[in-house]
Every structure is written in structure tokens, then in C-alpha cells.
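Inspection log for the structure reproduced underneath, given as C-alpha cells.
By written order: A, B and C. Residues from 1 in each chain.
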Amino acid sequence: MVDLLGNLALGFGEVITPTNLLYCFLGCLIGTLIGVLPGIGPLASIALLLPITFSLEPTGALIMLAGIYYGAQYGGSTTAILVNLPGEASAVVTCIDGHQMALKGRAGPALAIAAIGSFIAGTVVTLLIATVAAPLTVLALRFGPADYASLMIFGLIGAVVLASGSVMKAIAMVFVGLLLGIIGIDVNSGYMRYTFGYPPLADGIGFVALAVGLFGVGEIVRNLEHSDSRSVISSKIGRLMPTRRDMRTALPAIARGTALGSFLGILPGGGATLSAFASYALEKRVARDPSRFGSGAIEGVAGPEAANNAGAQASFIPMLTLGIPANAVMALMIGALTVQGIQPGPRVLQAEPLLVWGLIVSMWVGNLMLLIINLPLIGLWVRLLKVPYRLLFPAILVFCAVGAFTINNSTFDIYMTALFGILGYFFIKVGAEPAPLILGFVLGPLLEENVRRALVFSRGDPIVFIEEPISAGFLAAAAILLILVALPSLRRQRQEAFREE
Amino acid sequence: MNLRVRNRQNFLFGAFLLFLGVAGIVFARDLTMGNAFRMGPGYLPNVLSGCIALFGLGFLASAFWTDGEEWGRTAWSGLLFVVGAVVVFGLIVKWAGLALTIVVSVLLSSFAATDRRWREIVPFAIGLAIACVLIFGTIFNLHLPIWPKW
Amino acid sequence: MKLTRRDLILAIGAASLAAGTPAVAADWPSEPITILVGYPAGGANDLVARTLIEGLSERLGTSVVVENRTGAAGVVAGDAAARAEPDGYTLYMISSAQTLAPSIRDVSFDPKAFEPIMLGAAGNYLLLTRKDLGASSVEELVAMAKDDPGALSYASSGIGAGPHLTGELFKSKTGTDILHVPYRGDTPVLTDLLAGRVDMGFVAVAPSKQYVENGDLIALAVSGNERVDTFPDVPTVEEAAGLDAFNMGAWWGLVAPPGTPQDIVDKVTAAAEETLATDKVQSTFTGLGFRPGGMKGEEFGAFISTEVDKFAGIVEEANISVE
């Protein structure tokens, strides 16, 4: 305990220098900006800034890069809530209820609760990193391919809960997402699948093109059905800050989201994304009235936002303790450190205590800065919604197109955005929600890769999925979830059947 | 028996799924199937496509015995101009540059709004182009084509 | 003199024709130069390119930027580079993966056709095993594999990637049967080696260095024909297993699109050579676990050709097939 306080004090001493505070602030600001804009993600901007950081001293460089990374998580929720544009997989869930809140004139509370939830989650995870990073990493290492596969199955069944409409349509959409996720080079065999000999498809469909098209473009066309829609929101913009009742509903959701995010974020791969989806599914499960979800439930914003920020920050844990990056951004950070002559890994804590503790403390300081940056901005963002829709939608559209273009500097992603825009509108018209599709798209490739790897290891014996305790646990949980999902609709059908008799 | 599409949503969704599923199977025909324990690259594509096609049949069938919600308007002109603006953006951005492309796309897409006012949208398009050039070209320095190449 | 309209059109035509010809080397460079990188930011390929751009831009007097044109395991960028305007404003960071690609899948460009500039950096793989496998030398490992064919497993960073070919070459040269488990990149390979789920694998020196120093993984050999500075005690595979011609590794180098004027190529080469020689670049590469390159011009071109043929030979010998 004394150690911990001493270490934190050491970190504070390192962060509270004017230069490091400036780097932290700059990182948060850039992060917020790129989060708000669809397309340029944290990965691209960190890559662009990388050469600049070579000439900074390592702590400042790392603090700034980290600020960009979690700043982008904050910013991403803004566009999701205001204009239904998810720039990253984790913001997809925020679109569902966040945008509904905005439509009902509650954009202010939605944005505020997203910022508050992220801040609370950031604070908790900072403490977690400071105290139990090492044991948590050991846990993450124990996750084998069978365990991942079962976790993904659990996640996909949970995806069905995401739907507020037809359960059958949601399941069908998960399958469509899984199929779209297959496009590209197969990791296990190296074969090209569904690429039609066209190289840009070899890496699969771009996430931004898919999400921005389905959500953003589709939503724009829907709004244009009514020629009289003069602004996004029909009702008056209410108060900016959440009410006391909002807070009471949101706080437990934030706590649960933080817990989920801290755990799942440590897992390499889809951890951070999965945690946002999982949090949404959980909130809908525990809610007294699940029918509010999909039409502006504040827990549906608070939980996932806390979860994705917790997940984003928890992904620093395996990097700091093992030198293993949990995602591409972390890999880039390791690259940045290596160039500075620091090799992240088991020994970095002893070798570079100032750097590690400075980084940890900077995360909390950064989260505080983000809260301070974002809360006053809410008034400004909300005013954006008062811009007449006839001007707002061309602007959103342009940001979609530029965003898709900046991913690979290729026009191919722009055409894909257009294609998915048509599909997005089609899905809205036929009453099929896109969120389950996105989850299937994100988890599908991971699921297949891990199932097949598990079977390679077991030489084709499927018993591994039950033999491994973690895997068995997830499969059991998935089965229970399936029953829970199926029961209400079964009961309803039976009731209907009786009624007809 | 009265065979009439009562649920347009399910009918169209079902048709889409059936088409996707069949296409998925057709285009996966060159991939090795393997089996559930030794999956080849074609295993999952075929299984998924099959499931999707079955879902499609189910929704198609249900369209004849369930009632759908009211369909409402279809925003054909919205679809045309919004999607068209995105496609045109892709077609011209490489040689026309970001600035001009944005102006063209904004003007084109605003055909989708019935309440457009040219006096308002033209300066708005130019302002947006300037803002995007500043954000993407200067602040992030993404090395996008900004000005036309003649 | 009376200018007819026809004269005017002709004159304009001639002027635009003149403007359309590739830039004359004398006034080159007058625009920013783009280096195409076929892999995402932060990868080895990208780091090598980004380490060089600062010095290049200083010496050439124009900004030099990296463009990550990812896709299809580097094929998208290679294709773009092969078809780029040969005016010196597009350069390409080629790597061993592109010389290997033609022998395992249909590739739309010929790696031998580029105008060679300079080899930037190179690195070998370490033959790593999990720490509790119980083999303390390559000989013991081979004996173990022969004892129970198919029981051992090796990880690679992907089908058709360098480590996969290295693993297959190892199997065919030692006559062993080891199960191949492909991953997506080095990171998950290291994770599963550390967790002990996979027995061995060939991994680049830089990311695995700390685990070997720490004792979490055991380095049995180096895949090149020379030992590496980082681990002078680790023998090469050739030494340890008595194999001949076992020289595998990755390298990254700068080339220009086919047909780029020689004087422009020479200018870049001179700038690249000076950049590479700076302490900063040397220490960055060493820090990343790479050997700084230096081979240039025709020598580098000949090297690319031999690499293409070498990989084709291995693929045939080890009977690897993708598509």
C-alpha cells in the first residue's frame, strides 16, 4: 500500500511538469478531434505522429500517444450520439440509444453521461493498472484458442439481445455479418475468399465503410423520406446535464460497464469492442423494463461508454507487463518505445519506473482533462443539431466520404460506403437492425480463426471446447443466455397459440 | 388459400437473404469444404450461406401469413442523390482534389432536400470545403489530393 | 507573323505534351515524394521507411512522406508501385515478402522489374521454443520431433510469410514432421509461445529479444548464415544442425517504379546512402534488432533476383501450396 502511494506520487511528480501536462493536453485534444471525425482513427493519427515523437523524450511521447488513444474513445461517442455515425466498432452500440436520446432532445444528457461514464471507468482502470496489472495479465495469458472461440460464441448470442425489434431478424443479421467478415484472405489456409480476384478486397471490407454506410448514410436517406424535416430533432432541446434520476439509473450501469471493460480489455484481439457490446447486452438484461432500450435508455449509453473506455485503457496492461500489444494501436506504441530504446515487457517496470508510473498517472490526468474539455463542449455540440437538416446532411455525408477515403487513400472504400448506404436504408425499411450485423462482422473472423486453431491443436478433437474450464464456462453461459433469449418469445408464441384456440 | 404478400418487409428481407445465401454458396464452390473437425477454407462460407438462404426462405414464407407494418414512403430521390453524391466523390476526388470535390458533392446531395436554397448551400459548400482542407490537409496533414490536377 | 487558330492549338498541344513528359532530373525534385509501404503503420516495413524519411527529405530538399497502402499481404502496394508514374515522386519500400510472393500466389507485378535503390535493413529470425519444452539444442529438438512425428507444433506469423517458409524449409532439411499453426502476425505467435500452447516457431529478433533475455523463451538458433550481435552465443541453424544453405530472414529496401530515369535513381541512392550512414539511423535500426543495409544499385537488384529464385526453390522443395 505504501509502495503504491509512493509509486503514484512518483508518477504524479513526473506528470505535473509543464511539458508533460502540455503533451497530455495535446494528445487529448487531438484524440477528441479524430474521434469526432469518422475515418481517421487513433491508429492512423498515431502513425502520423510517430516520427515526431522520436525526437521527444520518451515519457512525454508516450503520454501524448496514450492521450490520443483514449481521447479518440471520448470523441467517437459524440458523433455516434449526434448524427448516428460510428467511427469505430465500440461506438456502434452508443449509436443505438445515444442517437435516440438526441432525437428526443436529450443529446446533452447523453453526451454528458458518456463523458462522466468514461471518466469514472478511466479512474477505476488507472487504479487497477496500478495495483493488479500483473495477476490480470497472467489470467489473460491463460486464454487459449478454445476459450476465445467460446467467448465469441457467447458474444454472438448476446448480440441478439442488442435488437429491439424482431429477434429472428437479428439472428439473420448476425449471420449476414459473419458472412461479410469472411471476405478476404483466410488466415488458416491463405486462400482468398469472396475477393473475385480483386486485390482491395483481400483484406476484407473496411470497418469504417461498413459502419458509416449502414448507420450514417442509411439514416440520412431515411430522414429525407419526410420533406418537412427541418432539423434532426423534432422536439425541443432540453437541459444539457443529466438529472439526478438519470444519474441514479446510469451509475450502476457505469459500474458494470467498467468491470466488463477492465476484464475484456485485457484480452488481445476484439476485447475492447466486445466489452461495449457485452455491456449493452448486460444492461438490457438487468433492466426492469428492457423495452426502453433502442428508444433512448440512458443506461444503454452509460454502460457501453464506460466499458469501451475501460477496455481501451485496460489494453495497456498486457503491453506494460508482457510487452504484448492487445491491438494495433498498442503495437504502434511498442514500436515508438522501441525506437526510444525502451523495450516494454516484464522488466520495464524495474528499469523505467518513472516512465511506467508517469504513464499510469497521466491516464488519470488525461481523463480528467477530457472531462474538462468535453463537458463545456456539450453546449456547442448540441447547438449543432439546430443547424437545418438541409445543410447538416450534406456535411455529414462529406465527412463520411472523406473519412472512408483517408483510411487507405483509396476510392474503393468510398464506393463501399455508398453500397452499404443503400443496404443500410434497405435494412431500415425492412425492419432489420444493423448492430447485430456489425458484431457478427467483427467477431466472425476471430471466431473462425480460433475455432480452427483450437482444432489444429487438438488434432481435430472437438472435446477441447468442453475440456478447457474457461471455454466450458463460456459455453455454459452461452447456453443459459440462449434459453433466456428464447424463453420470452416461446412463451409469447404459446400465449398466442392459446388465444387462437 | 390466398397467396398474397401481406408482409412486404419480410418478403423483401427474405428475398435479399435468399439471394445472398445462394450467391455465397455459388462463389464458394472452389473452396475446399473439409468437415466440422478439419475445416477447410470453404466450410464456414458454405455453412453460413446455407443458413442465410434458409432464413431467407423462412422470411419469404412468413410474408404470406403475417402482417407487416405500414411501408411508408420510399425516399428514391434521397437515395439517388445521397448515394450518388458519395459515388461522385469517389469518382472525381483523385484528380479534382478535395476542395472542389466537396463543393460538388454537397451541391449534388442537396438535390435530395426539397427545401434547399442555393443562396445558402453554395456558400455553405465552399465554407465546408475550406474547413475540410484545413482539418484534413493542414492539421492532420494526411497528404490527400487537395487541388485539381489538370 | 500571323498566328492562325491551328497554330495556336498546335502550340498548346506541344506545350502540354512537354509538360506531360517525366520530370527532367535537373529540376527534380520539385514536388513531395511518396514512399509506398504495403503494410500498416508500426510494422517493420513501416518503421524502416519512417526512419529514413527525415534524412531523405533533408538531403533531397523536398518533403518525403510514407503512404501506407495496405492490402493483400503487400500485393496492393506492390501493384500500385509497379504501375506508378516513373517520375521519381513515387518510391516503394519493397521487402523479402514481395520476392517470396510470386512463388506462392498470383502476383500482378514482377519484383525484379523495379529500379533498385538501396537495401535499408535486414533481420533474421530466431528459432524459439517454449521454455519447458526440454530441448536445449537444435539437435535435441530434431531428435524430439523424430521420436514422435507430428507431435510438435510450430507457429508462424501467417501462411506464406517468411517464418512459415523458414519452418517448412527446416522440416524438409531435417526430415521432421512438425505441425504448422498459422497466426496473424508475430504478436499472437509470441503470446502462445509464452503461454506454452505452441512448441516452437521462427520469430524476428526484435520482438522476441526481451523474452529470450528473460528466460521466458529459449532461442536455439538464428535463421541466417551469420550469428546476430544481440545473441552472440546463439548458433546459426547451419552450425547447430549441420545443414547447408539455411539462410532465411527478412529485409526491407527502397526501389523506384520500373522505368524511372537513372539520374533520378542515382540522386535518391546518394541521399539514401548518406541517410543510412548517420548515427541516428544506424542506432535506430540496431535498436529494432535489424542489420542496417547498404547494398545499392545493381548489386541490390541482383540480390532481389536471387531472393526470388531462392524462395521459388524452397517452395518447390518443401511443396508448399497456397491456391
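The rule we apply is simple: a residue touches a chain if its C-beta (ideal position, glycine included) is under 8 Å from a C-beta of that chain, and two chains touch if they have at least 3 such contacts.
What you see is a predicted model, and the numbers here were worked out from it, not measured in a lab.
Nearest to the common centre of all protein CA atoms is the CA centroid of chain A. Across the assembly, the chain pair joined by the most C-beta contact pairs is A-B. Centre-to-centre separation of subunit B and subunit C, using mean CA positions: 37 Å. We define each chain's centre as the mean of its Cα atoms; on that basis subunit A and subunit B are separated by 22 Å. Each chain gets a centre from the mean of its Cα atoms; for subunit A and subunit C, those two points are 33 Å apart.
Residue positions of subunit C touching 2 or more other chains, listed in rising order: 67. Counting partners per residue, subunit B has 143 as the residues that reach two or more other chains. Subunit A has residues 44, 48, 188-189, 191, 409 in contact with two or more other chains. Considering their complex, residues 40-43, 46-47, 50-51, 53-54, 67-73, 75-76, 79, 104-105, 108, 153, 158-160, 179, 181-184, 187-188, 190-192, 194-195, 197-198, 206-207, 209-211, 214, 216, 284, 287-288, 322-323 of subunit C touch subunit A. Residues 33-34, 37, 40, 44-45, 48, 168-169, 171-172, 175-176, 178-179, 182, 186, 188-189, 191, 193-194, 196, 217, 220-222, 224-228, 230, 388-391, 393-395, 397-402, 405-406, 409, 411, 414-415, 417-418, 421-422, 425-426, 429-432, 448, 451-452, 455, 460-462 of subunit A are the ones that touch subunit B when the two sit in their complex. Partner subunit A is touched in their complex by these residues of subunit B: 9-10, 12-13, 16-17, 20, 24, 27-28, 31-32, 36-42, 44-45, 48-49, 51-52, 55, 58-59, 69, 71-75, 77-79, 82-83, 85-87, 89-91, 93-94, 98, 102, 105-106, 109-110, 112-117, 120-121, 124-125, 128, 132, 135-136, 139-144. Those residues of subunit A lying in contact with subunit C across their complex are 43-44, 46-48, 50-51, 54, 141-142, 144-145, 185, 187-192, 199-200, 202-203, 268, 322-325, 328, 331-332, 334-335, 338-339, 341, 343, 345-347, 408-410, 449, 453, 456-457, 459.
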